[in-house]
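Structures for review follow.
Shared between the two complexes below is chain A, which pairs with chain B and chain C, respectively.
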Partner chain A sequence: MNISELIHEILLEDKTMIKLPFGDGMFDIKASVVHTWIIMAVVFVLILILTSNMKVHNISRRQAAVESFVLFVRGVVKGILGEKADRYTDYICTVLIFLGIANLSGLFGIEPPTMDLNVTVALSLMSIILVEAAGIVEKGVGGWLKSFAAPIAVVLPMNILELFIRPLSLCMRLFGNVLGATVIMELIKGIFAPVLPVPFSLYFDIFDGMIQAYVFVFLTSLYIGEAVE
Partner chain B sequence: MFNNVTIMNIVYTIINLLILYFLFRKFLFGRVDKILNKRMEEVDEATKAAELAANEAKETQRQYEQKILLADEEKEQILADIKKQGYDEYERIVSDAKKKGEQILVEAKHNAEVENAKAKEIYAAELTDMVIDAASKIAAGRHSADDDKELYDKFISEAGAKDE
Partner chain C sequence: MNLTALGAAIAVFTGIGAGIGIGFATSKATDAVARQPEADGKIMKLLILGCALAEATAIYGFIIALAILFVK
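And now, the complex of A and B:
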C-alpha cells in the first residue's frame, strides 16, 4: 500500500456506514458515530459492572479503584476549572474519559471516532457553547457582552474572532493529532511490521492519545475558568 | 476530508455526548457520590457523637469533682460535730460526777449528824436511867450525909467510867 492510497483511504473515502432510506443521504450515519455507540455500550456495561453493589464499609478493591479513579479525574478537572466553575466538572470529566477511551480504541481495532471531523467538530461545538454559557450564567447577558470589550475596547474584534478560533483550533488539533498518529503508525507498520511498531505504538496510540484528550479538556476547562472570572 | 462532514452526524455525536454525560452522571458519578456522601455523613455523625461523649464525660467529671469537694466539706463538718458532741458529753459527765460527789458529801455529813444525834440521845437516856437508878437507891435505903457523899462519888465514878 503506498502513501497516496493510504491517505485516500483515511481521508477521502466515504465513511458512511449505515444508509437510511430517507432524507437523500442527509441522515446517513458515519462509521465514527457507530464506533462511538460501540464505545458507549462498552463504557456503559463497564460502569454498570464496576459500580454495582457499592458499599459504604468494607469496600472491595474494585470499588476502591473506581472511587479513587473518580476522585482523581475530578481532582484534575477541578484544579483547572477553579472553584467558580465547579458545576461543569462532571461534563468535563465525561469528555475526558470519552476522549481517552476513544483515542485508545485504535488498540482494539476500532478506528478512533476522534479521527473523524464530525466528532471533533461536535466536541468543540459543545465546548464553546459550554464556555459561553458559563460566561452568561456567571455574568448575565449584559456582563457577558461587556466581557468582549475587556480589558479595553480595542480587543473587541480579537475577542469576537476568538469565539470561532477557539473551537476551530480545539477540533482541528484533536483531529489532526489522531489522524497524524494513525497515518504515521500505518506507515511504520508498512516499513517493518513485526517489532518496530511497538515503541512507536506506545507513543502514538497510547501516550499521544492521552495527551490529546488531556489537552482538549485542559483548554476547554481553561476557557470556562476564564469565562467565569 | 470535509466530504464526510455532515450536520446530522455532528448532531448525532452531540446527542451521543449528551447521552454519555447522562450515563456518567447517573451511574458513575451519581453512585460514587452517594457512597462518598454517606461515608462523609457517617464520619460527621461519628465525630459529633464522639464530641458529645467527650462533653458528657467532662460534665460527669466536673460533677464528681464537685461531689468530692462537698464530701470533704461534709467530712470536716461531721468531724467537727462529733468533736463538739464529745466535748459536750465530757462536760456533762464531769459536771454530773461533781454534782454526785457533792451530794454524797452532803449526805455523808447529814448521816454523821444523825448518828451523832442518835448517840447523844442514847447517852442521855442512859444518863437518865442512871440518875433514876441512883435516885431510887437513895430513896430505898437510909441515908446519911456519908451515904450521900459515897453515892455521889459512886455516881461520878460510874458516869466517868461510862464517859470514857
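And now, the complex of A and C:
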C-alpha cells in the first residue's frame, strides 16, 4: 500500500463509530471512545474476577499474585511521588494501568485509544489540573501563586509558560509515540506480513507502549511531587 | 516542485538531536554501571527516563512533519 494512503487512512479518515441523534443533528461517538469503553469493561471484569472471594487467612494463589502486583505498582508510584504526596497514589496507579492496557490494545487488533489526540489531550489536562490542585491544597492559593515567582522573580514568565508546556509535551509525547509505532508497524506488515512483524511488534507494540505509559505516569508524579514541596 | 515534502524532511532532522542525546545518555549509563554495578537498578530507571525525554524531540519532529504533509 502507498505510504500516503496509509497515513491518510490512519490520520484523516473519519473515525466516527456511532452516530446518535441529539438535538437537531447527530452526536458523534469516536472510535477511540468506544475502544476506551471496551478497555474499561475488560479492566472492570478483570477486577471483579481477581478481587472476588478474598480472604485474610489461607489466601489463594490468585489473591497472592494480585496483592503482590498491587503492592509493587503502589510501591513504584509512591517512590516517585514522595512522602508528602502519597495520597495521589491511587489516581496515578489507575492512569498507569489504563495507559498500559490502552497501549497494548494494538496487539489485539483494536486501534489504541491513545492514538487519538483527543484522548491524550484529556489525560494530560487531567494531569496538569491535578498537579496545580495538589499545589493549591498543599500551600493555599496565596502560596501557590507565590510559588510561580520562586526562587527569584525573574523566572515568573518561565513558570507561567511551563503551565502550558508541560501538558503539551505530555500529550504530544504519548500521541506521537503511539502513532509512530502504529505507522511503522503498518509499513512493516506491508513489506512481509507472515514473519517479519513479530520481533518489531515486541518492541513497538509492547516495550514502547509500556515505556510511554511509565514515562507519562513518572512525569505526572514528578510534577506533583515538585508542586507539593 | 512541491516544497512541502522538503519542509517535512527538514522537520525530521530533529532525529539527529534525539540520537545524539540517547547516545550520550547510554554511554554515561554504561560508565556508571561499570563503576558501580550495584547501582544497576537506579541507573536503568534514570536511563529509560532520559531516553524517553530525549526521544520526545524526535517525536515532535515526526508530528510536525506529519502536520506539514497532511494538515491543510
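The working rule: the second predicted complex is superposed on the first by the 224 of 229 C-alpha atoms of A that agree within 3 Å, B and C clash if a C-alpha of one lies under 4 Å from a C-alpha of the other, contacts with A are read in each partner's own complex, and residues count from 1 in each chain.
Please note the rule applied: a residue touches a chain if its C-beta (ideal position, glycine included) is under 8 Å from a C-beta of that chain, and two chains touch if they have at least 3 such contacts.
Everything numeric here is computed off the predicted structure, so don't read it as measured data.
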item	value
When chain B and chain C are modelled together on chain A, clash or fit	fit
Which superposed partner A:9 touches (first chain B, second chain C, both, neither)	neither
Contacts of A:48 with chain B and chain C, given as first, second, both or neither	first
Touching partner for A:36 - first (chain B), second (chain C), both, neither	first
Contacts of A:66 with chain B and chain C, given as first, second, both or neither	first
First (chain B), second (chain C), both or neither touched by A:229	neither
Which superposed partner A:218 touches (first chain B, second chain C, both, neither)	second
Vertex chain A angle, Cα centres of chain C and chain B, expressed to the nearest 10 degrees	110
Contacts of A:173 with chain B and chain C, given as first, second, both or neither	second
Touch count on chain A, higher of chain B and chain C	B
Least Cα gap, in Å, left between chain B and chain C after the two complexes are fitted on chain A	7
Contacts on chain A seen with chain B and repeated with chain C across the two complexes	11-12
Touching residues (chain side chain B, partner chain A) in the complex	1-14, 16-17, 19-21, 23-25, 27-29, 31-32, 34-36, 38-39, 42
Residues of chain C that touch chain A when the two form their complex	48-49, 52-53, 55-56, 59-60, 62-63, 66, 69-70
Complex interface listing, chain A residues touching chain C	4, 7-8, 11-12, 169, 172-173, 175-177, 179-180, 211-212, 214-215, 218
Chain A to chain B touching residues, read off their complex	11-12, 14-15, 23, 26-30, 32-33, 36-37, 40, 43-44, 47-48, 50-51, 54-56, 63, 66-67, 70, 90-91, 93-95, 97-98, 113, 116-119, 121-123, 125-126
